[in-house]
Structure formats: C-alpha cells, structure tokens
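See structure below.
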Amino acid sequence: MLQVRNLEVVYDDVMLVLRGLSITVPPGAIVALLGANGAGKTTLLRAITGLLDIHDGEVARGEVTLDGEPLHRLRPAAIVRRGVAQVMEGRRIFGELTVEENLRLGGHTDPRRIPARLDEVYALFPVLADRRRRTAGYLSGGEQQMLAMGRALMAGPRYLLLDEPSLGLAPRLVEQVRELILRINAAGTAVLLVEQNATMALSIAAHGYVLETGRVVLDKPAAQLLADDDVREFYLGLHAGDGSARRSFRDVKHYRRRKRWLS
Amino acid sequence: MTELIESLLRGLGTGSVYALLALGFVIIYKATRVISFAQPAFMLAGVVAVTYLTPAVGFWAAVPLAALGTALLALGVERTAVRPMVGRPAFVVAIITLGVDVAVRVVVNAFIGLDVRHVGDPWGLRTLALGPVEMQQRHLAAVVAAALLVAGLFAFFRFTRTGLAMRAAALDQEAALAHGVSVGAVFAVSWALAGGLAAVAGTFAAAGASVDTALWLIALTALPVIILGGLDSLPGAVIGGLAVGVLQELVATYANDVAWLGGNVSVITPYVLMLVVLLVRPYGLFGTREVERV
Amino acid sequence: MRGRPLLRTSYAEELALLDTPAKRGWTAALLVLALALPFLLTDDLLQLLAVCCVAAIGAIGLGLVTGYAGQVSLGHAFFLGIGAYTAAALSGDPDGRVIGLGVTDIALWLPAAGLVAAVAGVLVAPLATRLRGLYLAIVTLGLVFIGQHIFNEWSSLTGGAGVGRPAATLEFLGRPLAVTDEIATRDQKLYWLMLVLLLVFALAARNLARSRIGRAFTAIRDRDIAAGVIGVNLPRYKTIAFAVSSFYAGCAGALLYTVTGFFDPGSFSLLLSVQYIAMVLIGGAGTISGAIAGAFFITLLPRLTRELQAWVPFISTQPNEVPNVFQVETILYGVLIIVFLIFEPRGLFGLWIRARTYWKAWPFSY
Amino acid sequence: MTDEPTRTDEPSGTGDRTRSDEPSATDAPVRTDTPTRADEPILTFDDVRLAFAGVRAIDGVSFTVGRQELFAVIGPNGAGKTSIFNVLSGVYRPQAGRVVFDGVDLIGRRPHEIAALGLARTFQNVELFANLTVLENLLLGRHHHIRYGPLSALLWRGRARREELAARAAVEEIVDFLELEQWRRMPVGLLPYGVQKRVELGRALAMEPKLLLLDEPVGGMNLEETEDMARYILDVREELGIPMVLVEHDMGLVMDLADRVLVVDFGQPVATGTPAEIQHHPDVIRAYLGEVTRT
Amino acid sequence: RGGDTESDASGLKTDVGVTSEPCPEAVDKNKGCIYLGIISDLTEGPFRALAVPITDAQKAFWKRVNTAGGIGDYEVDVTRYVRDNKYNPQTHNQVYQEIKPNVLALAQSLGSPTTGAILGDMKANNVIAAPAAWTSGYAFEDVIIESGANYCVESMNALDYAREAYSPKSLMAVHLAGDYGDDAAAGVKLAAQTLGMTFTDVKTDSGADKQAGAIQAILTGKPDLVVLTMGPADAATIVGQAVARGFAGRFIGTSPTWNPALLQSPAAPALLAKYEQSAPWNSWSTDTPGHRALREALPGVTPNDGYTAGWVWSYPMKAALAKAVEDGDLTRAGLLKAVKSLTKVDYEGMLPDNAGNYAAGPNDGAVRVTAIYKPDPAGPTGVSRVRDLFTGPTAQAYTLDRPCYEKL
C-alpha cells in the first residue's frame, strides 16, 4: 500500500505547491490522477520518489508511506530498491547513450536480473529491440517514450509511477501503452497513472483522483468519475448529461473559461 | 634515423604522462560534465606526498600510498566544495575548482619548502639500449604504467555498472537518481579516481627530474590533450596524450627555432595541434557529438 | 512580480532604462556617491577603484559574449593584451627601447586599441560557430597560451618576458590627464576618468543588451537551433558578440595598465582570463550590473584578504613559518570564491534579487 | 468544412503589416522568380529523401500546400513528420528532392534565411528562450523585421529607438490576440505548459509568416487547453489568413481542423486526402489509428 | 597629501615613514622608528624559494642593527609592511601604493618587471629601494641601491675563469627570458666577442616540460661551455638530460641557479661532473665578519645562499640611513641625497672595501667581483669554493655605459 497523507510541498522555501494532499494506491491496483497543467501532479510523484531535493523542493508537512514505512526521508536509490519506480515526465532518456545502455541503467539497483528483464522489455517493445544499438537521443518522440517506460520496468517495480506516458504518442501507440499498463498491472505491479488523456486513464483505472492547485477535488472510483458531469465536460470533452457525442473543436466557444471546483 | 626514433620514444614517454594526466580530467568530465581545474593541484599534492614518503617506505610503496592520499584529498574536496553544486551550471563548478586549485596549491607549496624535492624514482636518468637506439628507463616506465592503468580503467568502465552509472549521471542527474543511481557516489568515485591518477601522473612527470612549485604547469598540457582527443573519451585522452607528446618532442628536435615563431615553439604545439584538429573535428578525435535535435 | 503597478502612457516610457522612480533615485544617489568618493578616500584606494572601473569595462565585455551570448570564452586575457599593446605601441615614445609611434592622445589610442582587439575577435569568431560549450572554452584558452608565446617573443613590441614596457600615456588634446596639481591628485583624476569611461561603456552595453542584438545573443545562448529557425543568423551574431566583447576587452586592456604605467607579457596569462570569468560568474552572468559588481569584488578581493588576515589569529607574519599570513591571504582568495559561489550561485546579482524579494515578501513567507 | 471566401494575398490583422521600407539587404535572398499567382501552392515538397546513418527518416515524400490551406501531416512516432519540418526550416539538409516555398528553392538555405522568407514554425518540445520574458520572446520573433545595426543599438537613439517602439507596438497586438496580457513580463520558463505553447505560437506569428508550421501544438495539453489552442489556430486562419501545416497526434483536432491530411509511415507517404477519406483508409487504420476510434 | 616635513627634538628633518613612537618590536622603547617596506615573492611566484630566505635574512639584519643601537635615535622596522607581490607587476604596484604612505623606503623590491611597475612612482616620490635582483640596469637608477656584481659582469668573470680552467671555444647561454636572464646572456655574448669565442643564445621557459627545446639546442650546438641562468629545478633537468643524452661539454650556472637539494636529484652525478656555479659574493660558510654575523643572526636555519643575498643587500640601506641621519635630513629626499653621496659601504668584508660607491656613477661605481664554486656534498650549501672573489680581465675592461641586456 502506497499512501500519501496530508502532503504539503514547498519549492524554493516559498512556493507552496501541494496543499495537504492525500491519495492511496493499493497493491496491484491502477489509480489514475487527473488534473490541469500545473496542478502539482509531477510534484507529487517527485515527493514519492525522493526527487524533490534537486528541485529545491521539500516536504513541509505530511508523509508518504509504503506499507506503513515512511518513504519521504529516504534517498531515491533506496526508494527504487523498495520497489517504487517512476517514468519521468518528458521522457528524460539519456540522449547520448544507446538504447540498450539506457535500459541497462534502468536495472542499476538489481544488476543480476538485467539480462532477463532486457528480454522482457524487448518483447514488450520490439521497436526498441530493433534500435538497441542506436543513440537514444535521435529516436523520435514516441520511441523515446517507449524507451523511458522500458527503462523503468528494468527495476522490476511493485509500484510504477507513470507521468503522462501517452504524451506525444500516436493513437495506436496510446492504445498499446494502455494495454501495456494493463499487462504490467496483471503481472502484479500497481500503477499510479498521471494523465492528461483522461479517456485512456479512466478506461483502465479502478480509482481516480482529480487535482486542482495542489488539492484533491474529486476522489471516486473510475466508473463514477466517468459519469461525473464536470469530468465529462472538462476532461472528456463530452456534452454534459446524456450521449457520448464528442464536441467538435470547431464549435468551441471563445468565451468559455475554466470552471473551477470549489474546495 | 636514430635521432628520429629516439625522439619518438621520448615523445611516447612524455606522451604517456600527458595521457595519465588527461585521463583524470576525462573521468571527472564524464561523470560530472565539469572540467576540474583542481587537477594540477592534486597532481602536485600527490608528487609532494611521494617525495615525503619515499625516504620512509621506499618508492614502490610511496606511489600507491600517495595516490590513495590524493584520492582521499580529492574526495574531501568533492564532498565539501563540489557536492553542494550538484545540478548547477558546469561553469560555475569549474570556477569553484579553480578556487580549490589556488587554495590547495598554496598548502602544497608550503610543503615543498624552499628546496627542490625528488620523488626518488628507481630510474633516474639511466637509459636502455635497444640496438643503436637509446631509450630512457623512466620513459619506458611511464609507457608501461600508462598502459596498465588505461587497461584497468577500460575494464572498470566496461565491466562494472558504475561505469555506465557515471555516464548516465553526467547526462541527466535527475533521471539517473530516479533509477537508483547514487549520484553522490558517482561523483565521489570519479574524483577519487582522478585524484589517484593525478598523483601517479605527477610522479612520472617528476621522475628523473625535480619537484618544485612550477611542476603543476605540466598538468595544464592535459587541457589541449583532452580537447584533442574529445572531452569524454578515454581512448581519446590516451591517443591525444601520445600524439601531443610525440609531436612536441619532434618539434623540439627538428623545428624548435623557427625564426618567425620565436624560440621554444614546442611549448605551444599542443595548442596549435588542438586548434587544427578542432577545425576539422569540432568534438575532437573521439568525443561524443552532442545530440541536438528539435 | 514587478512591484507596484505603475501607470505608463507610452511604450517609450516603458522602454526607458530607468523605468521606475525608485530606480532613478537609486541611480542618482549612487552616481553622486561615486563622484564624491575622491573626497572621502585615500589615494591608494582611489587607484584601486580606478582599476576596478577599468576591470569592470573588461568584465562587461566578457559578460556580453559569455553571459549574454553564452559563448564561454577563456581567451579574454588575449584580447586585453592586444588592446594593451596596441595602445602602448601607439602612444609609446618613438625613441624608446620598444615600438612607439608617439600618438599620445587617448581619443586616438583608446578606440584604436578597441578596434584592433575587435578585429582579432572577428577572426576568432568562426571557431565559436563550430564549437560548443567547454570545447570553445578550452580552445579560447589555447589562444591565451599562443598569445602569451607571441607576446613573450615579440620583444620589440612588448619588451619581452620578464621585462615589460611602459603603458599608454593618458593625454587628451595635448594635456596630460593624470598628474597631480593644485586641484586634484593624480589618483583622484585617474579615478574620475575611469569612472566616467565606465559609465559610458556600461550604458552602451546596456543599450546593446536591450536591443535586437542583445535579444539575439540571449536567444543563441538559451537555444541556438530555435534561434536560427526564428531568423537569427547564428554565425553573424556570434561574430558580433565576439567583436563587441573584444572591443571592450581591448579598451579595458589599454586603460588597465595606464594606472600602474607599466606591464609585462606575463600579465596576460590564464590567471587573468580566469579572473574575468570569475567576475562575470560572481557578479551574475547575463547582467551588466552583475559584471560591474563582480569586477569590483574580484579586484578588491586581494586587498580585502590582506585586511582580513589581520583578524585571523595565531597566524605568523614571518614568511618562513607555516602557516603565514601570505599563504592565508592566497587561500582566502580561493576560499572566498568557492564559498561565494556555493552560497549564491546566481552571483552578487542573485544576492540582490534575493534581498529584494525578501523585503517585498516580508513579513509573509510563502 | 466551410471554406472562407478567398482573400487577397496580403494578410491583414496584427501589427503594422507593411514590410519595412528598406529591402531586406542582408538576410533575405534575392527572389529569382516573378511574383507568384494566388492559385499556385505556397509550398511544394517534391520527392524529398533524408537519411541518417541507417535510418530513412524521409523517403520520397511529396506534397503541396495551397495558399489558404490547413494541411495536416500525421503518422506513427518516428515516421518522419518532425524531420519534414526540419527540412523545411533548414535544420536538416535532405540528400535529394526539391522544396519550393513561395517561388524560392529552400534546399541549401540556412534556417535564418528561410525564416526571413516568411516560414515560421513551432516545435514539438517547447523551444522557447526560457530566461526571457514573454515580451522578449515575441520581440525575438520580429527579429528580422527590425533592421538597425550594432552601432545604433549602442547609442539607442534615432532608428534603434524608433524601430524598437514600433516592434513593441506590433508585439502588443499579438499579446492581445493570444490573450497573454497577464504573463507579459514573466520569464517563459516559469509559465504553465499550455501558456508556453501559446507563446510559441505567438513568437511564430510575430514573424508575420507566409506559412506556419505547427509541430504537435496540443501535445501534452489537457482538453481545456486543447480547445483554447484549437480556437487560436482557427482564429489565425480566419483573421490572418495564414496557411498552415499541422503535425498532431490528437486525431480529434486534426479531423476537425484540417483541409487535407497526409499520412506518412517509415518516412514514406501512405495516403493523402480529406480527413474523412483518411479516417477510413485501411492502411492508415493499420499503421496509425489502430483500434481506437474517436469516441 | 603625503607627510609634511617635521623636525624632531634633535633637529632631524623627517617626513614619511619615520615616527617618534617606538617600533612595534623595539629593543629600546625610547627610540623612534623608521619603517621600511618589503615587497617580495612570498607564496606563488617563481622566485619564492629565494624570496623567503632573503626576507628572513633582512629581518635578521635589521634586528641586529637595532640591537646594536639602531640608526641615531631610531630603530628600523621591516616586519610591519611586508607584502607579497606574487611576482605580478600589478599586484606589486597595488601593495606598494598601499604601504607607500607608511614607509620611508623599501628594504626590498623583488623582481625586475615588478619593480618596473613602481619605478616611475619611486622616482617621482624619492622612494629608494634595495632590489632583490642583479641586473645591470639598476646601476642606472638612482633610487635603486644595488649590491655586488650584476649578472653581466658575473658571467664575464665566469668566462674569464673558464678560459683559464679549460679554454672553451664555443659558448651557449641558456636562460629564462627577462632582464635577469638577458643580462647574463649579454655578459656571455660580450665576453665571447672579446675573447674570440663563438656564441649562441637560447631562451627557455620555466617548467619541467618546457626544457626539451633547450636540451635539443645544447645537443645540436655541442658548445664547449653552457652558461645557465634559471631556477634550480630547470637547471637540473637541463644538465641531467643533456649529459644523459651524451653531451660532453661543461656548465656554469649564475647565482640563483643553484640549490643544495640538487645533490639529491637524479642529475646529481652529472652536476658533480660537469657543473660549476658563479656567485657575486662568497657563500654562507665563508669566514668574514659579515658572514659570521649572518650565521649568528640566523641560528638553526638550513644554510641557503638566499640568506646571504638578503643580508648583503641590506648594507647599503643601513649606510644610507646612517648618512641621512648624520646629514640631519631623514626625509625621502634627504635619504636619496644621502644615497647619491655614498662613496663606500661597509659590507663587513662580504664585498671588497671599495664596494658601494653610488656617488661614482654606473661604470665607476660598479662592483666587479665574482667567486666560483663547484657542487660538493660536503659543503654546507652543497658547494665548495673553486676560486675566491676575483675580477677577470674582461669584466675589468668592460665599460658599463648602458644596461647590458640592451646589447643582447
């Protein structure tokens, strides 16, 4: 059980970005986290995996626990070893290493399993197998995203945190990523899925959270979220109420402004 | 002909010393993307330690001990002055290492004292006759030492995951951290390695000669060498070092006094060579091209 | 972000350099203080401040190419040297031991020194269009070594290594600018002169920085491919950056040694380049005022460490004992740079920003 | 889709649209052809081939873009879409093929020359100048419309001042157009992602382009931001009349906005046609769309 | 600005750097204090190994003077205003400006480009200085009170000696750039012309990696005698390498080229076999009243001829101060006047009796004696004397009409 309780995160000693946020990822579950840009999703993931430090951020209050043990004071390497791995936003592959070197690095904390896991990852992403000797920086955006996911899997995590994995992927690949997440999950790995693509995320998640400016504003089972009028309008682009017809972008009104949830 | 071969051999000897010096720079650069201008000070510290240790424990024990001591010194410096700068622009860190260099060198100079010191190497100025050709033993020793250390380093980078982790940390510290690489440990290892190498390199630079406060200047020759070879390339450092050593020795032998260039031209040949090579290959002979795409 | 909103009625008002009353007030106060300093300080300090002003001109130049355009140059010493020798040769005594043309007027030798250095900069610029980052840095470092070799060897111009030559003479319209008379001492005049020159150079640099050229520089620094795609001619602007920077360096070099009146080729070493880089970084790269602050800091630092060592207890003043004050002085120099950069990597300018935001936010944090 | 009534070649709208009176002496290459007619394509991309060590990024792609057209390029990841843009803007030089933009051959020209010809683009991953403010980024977009030299810049008198003021006024209209008022003086690095994408569009518009290339303009955006961006793209078309080439994975957006769509895969063209045709093209479904269809 | 002229109780005129308060470390608290500055290369520069003992010896010298009753009603302080120039002209000038308001004169100004950076100001303000260098140029500066033979004369004497000892035909001067090295080389050249020998001039730089050119030049030129003017480490490199690579000629090094520790270097056998050393005065262990006083004043130090140099260089300053006090004018101008009127300085036997004639002008006042030493592990400074102070015919006949280095 990965739990975040009343977490407050401050950047640069002054910017309060998470304001008392709580979420729970049960073992083996898929949990979706939705929210506008800048809501604090990435910050939450950083807080879980111990990466706040190098962004001059710190946990001001609250805690992150894994099976009851506090995580947020550990170093990133220790957190990875405990089975929490992250796919960072914006790919962050090592551009000047080859594809295979990137993957090997993913297995840094568990070197003996590297060969076996390499085979698994190549089986999941045949494209990567084709390009294994290629310099990763020259891969196209989508190829890089696949590499980033494969790299995180190399650590054999129990909890996988995905920060916008569908970003920049072609529709067919988004579909693949979706299936992949399901498959990873079926093998027993819990997934915390941060997404802009709410349709995809909610279609596979058991539970979903909606974040607004550092707070959880909606916290419901995915099915209920899919039925929520606000979610339908603002995250799925469906007409509120009945029907499942998508609004055409041509019909979007110029004056429409963001509606905020009151908290 | 003998003269040519002899000067080539001398060139290989000094070139090996340059290569060892350059390797230290490259290792730090590979792991941290920083050129450590503190290397000259570490080199001097290492040599001076050897000069103090040799009378007590003998040359063969003194060198590893001094290398170890210098590695620890480098580790300490890394911990106090460089670690807090993780994630800062490489150039700021480079200037910090310059500050380190200034400060460390003053302390080391105090240990050099007023006299000239000696590492007490077993080779002195003796030569080895290879047929009609003579080679100085210290040059042979430098070549052998460089070959052994280089082989060891290559093995380290190739067969240990620390090697890969070092390269990854150099490229993207956050991403490396996220995958369980301890960036701090990577930094520490690279600085310690570089410190130890500097001590060994310095010993060979001073073998057959003396140690005085000006010895640190030889470490600066490593700069054109690493650029020539490619900042992040270990083979580049070796080949660059040898190339510079040989060319310098050839120029000293055959073209030192070009009237319109003034005397002692060999002193600037490394820089000229570097300029010429870079005009053709902007990332040196073996440097990794920076990946740039939009 | 920007303090109280001000009502502005034209873009011209908004584009003004000193766009708020507070800025205008501060600048005026600072200027008055700077001009009045000669009545408050002793001559040796004034002379040091004159050197600071000149160093600031050089640092602004380096700031333009390195801080703004992002082309890290460790070759500044080379351009300073070119300026210094051009000026000294132009204004030197025709019958002296070294080359001298007898053109003693500062109005002639100062621009000439800048121009010759700028031409050298233009010649170096093609390297910058090919090389990136540290490669460029080390290659420009190579310039310093090659330059030093030339300066050392060309003794009819430079006097040669370990010998040196007299610097340019400060004369304007046939009248010497820096001699003690009943009105003011040499050092007072020297200080005023350098201060005025600094103001002129700083203002020009500030103008350049806010112009399309300055913007193009920053674009190249932040993202050169994108800069090209939106229409910035990369080779051209890198060349301009090097030319302007070298012009500043040339002028600074020409002026720098008029204060002491004498200089030798050994001056234009790696150390000098490094000092200028340190000025730019410590001041805060990418700002003119930062470069000036950095130049003052680095130039005053040795003096400061000499004063400071009096407060370090149990340290011998005997040069033969270890540790002694002279070692402490040098170590302090290194350590202060380290401490400073660790403590405030954005430099003096960052310190200022920090202080400003602190006071603005006070008493509320978050 | 409803075509707008035909416009004149001269775009109207933001800023002072009159070209600066001096001919672009240094940056703009000499035009060889006679002025082009309005029904000719603004862009002709003809059998271009581009390969990197072992990869054929573009392998014989041809297409044309009309003077009022919104042309979309779609395809799987790594198909070569961005590479097409990079060829167009002079970042890559193809090994073969011809690219003619507004009567000028682009091959071999450097990026800044192409920009001066009136080709502007946005980038897949935001490529703004992170330390500069929104205004400065936009002003940079006007770089080649401001022509004073270094000397005038040093003095900040006369021409420099005049042109800066004019540029400033022009940029202000873009701020207005894209509703960036509240961010004006913020360094773009600190802005929300969606706003950054908008600033990038603004920077491209500030160039007063004759053709606009948009590389995944809504990538990474949430629905709301996507809707805003769609609106701005439509506005650019309707109010400024600038033709566009759009690369995007958001099929909803492409299908709603594009006039014609080119599908590429492994650097090769798969199909070209209207959105409706493309959507049901079996090869396109297999290679690109997959099972997912629009909900 | 600057000090106004005052007169003390006895009617002695003073201005800057002389106080009626006692020195900080006064022997007799009733005496006033004359402050002298020292600007030397104390931490980073190339001459640090020489500068530190020089400075030490000067401190000891003035302490001895103070203990012996000082100068008139004053004692002399050389400890308060000691500054490090890092062998950089700008730094030298800055620290000079810093201490100038507080010192009467400089007990030491080390280095020729560094001193060059303050020479103009010294002349303008009548500040005199004892140099720590031997270039012939200083004979032409009134404000500089040099001691002993300059490099130019020293190398002439060395050649006169060499001609007698092993009559070389071809000469080579290998030296660092600068007035220091150039001066020595000029002496070799001038002597070679007089003595009908061939001459080659080779410049080198400081640093172990920078001697390859010089070594090659020696091996190619095969001169009979090489005159070295550089630091000890570089000299050892050159001698060691050249001999190892088969050079058969001999070497003579001018004054600061030697360091006793070279006898532990790999080059020691070569040095013992082929190397000799010239010097402007006798070494540390010589038996003269001056040398004895030197050794007594510095008990327990490792012998080094840097001490000897610092000691010798201080005598003229003492003589000048005494003369100025005697003349009743201890102002800067008065001190300069005293220097110009000095016809003889008492070096307590360390230099000939006629040495120190500043009134006589450059040529007539020049000291022209040199001693020759050879490496010897038994000697306290690693050398033993080959020939006592002598003036060779070439040096004797030479007219010092302008600085020698200008004739190179």
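For reference, chains read A, B, C, D and E in written order, and residue numbers begin at 1 within each chain.
Definition applied: contacts are C-beta pairs under 8 Å (C-beta built on N, C-alpha and C of every residue); 3 or more make two chains touch, one makes a residue touch a chain.
For clarity, every value in this text was computed on a predicted model and none was experimentally measured.
Novice: What chain is the most remote from chain A, judged by the mean position of CA atoms in each chain?
Specialist: E
Novice: Just by CA atoms, which chain is the most central one?
Specialist: Centroid comparison flags C as closest.
Novice: With chain centres defined as C-alpha means, what is the inter-centre distance between chain A and chain B in Å?
Specialist: Centres of chain A and chain B (C-alpha means) sit 44 Å apart.
Novice: Whole-Å distance, chain A centre to chain C centre, using C-alpha means?
Specialist: So the centroids are 49 Å from each other.
Novice: Averaged over CA atoms, how far is the centre of chain D from the centre of chain E? Could you give it in whole Å?
Specialist: 75
Novice: Centre to centre, by mean C-alpha position, how many angstrom separate chain C and chain E?
Specialist: Here chain C and chain E have centroids separated by 37 Å.
Novice: Quick check on chain E: which residues sit in contact with 2+ other chains?
Specialist: 43-44, 52-53, 205
Novice: Which positions in chain B touch two or more other chains at once?
Specialist: 106, 109, 263-265, 267, 290, 293-294
Novice: Which positions in chain C touch two or more other chains at once?
Specialist: In chain C, the residues touching two or more other chains are 152, 225-226, 229, 327, 330.
Novice: Which part of chain C faces chain E closely enough to touch in the complex?
Specialist: Touch residues, chain C against chain E: 42-44, 47-48, 51, 97, 152, 160-164, 166, 185, 257, 259-264, 266-267, 302-303, 306, 317-320, 324, 326-327, 329-330.
Novice: Please output the residues of chain B touching chain A within their complex, sorted ascending.
Specialist: Listed in rising order, the residues are 86-87, 161, 164-165, 167-168, 171-182, 288, 290-291, 293.
Novice: What residues of chain E sit close enough to touch chain C in their complex?
Specialist: My answer: residues 1, 40, 42-44, 51-53, 55-56, 59, 79, 82-84, 86-91, 93-95, 97-98, 100-101, 112-113, 116-121, 176-182, 205, 301, 405-406.
Novice: For chain C, which residues are in contact with chain B within the complex?
Specialist: Residue positions touching the partner: 72, 127, 130-135, 137-139, 141-142, 145-146, 149-150, 152-154, 225-226, 229, 270, 274, 277-278, 281, 322-323, 327, 330-331, 333-338, 341-342, 345.
Novice: How about chain A: which of its residues touch chain B in the complex?
Specialist: 49-51, 54, 75-77, 80-81, 85-86, 88, 92-97, 101, 104-106, 108-109, 111, 135, 137-138, 151-152, 154-155
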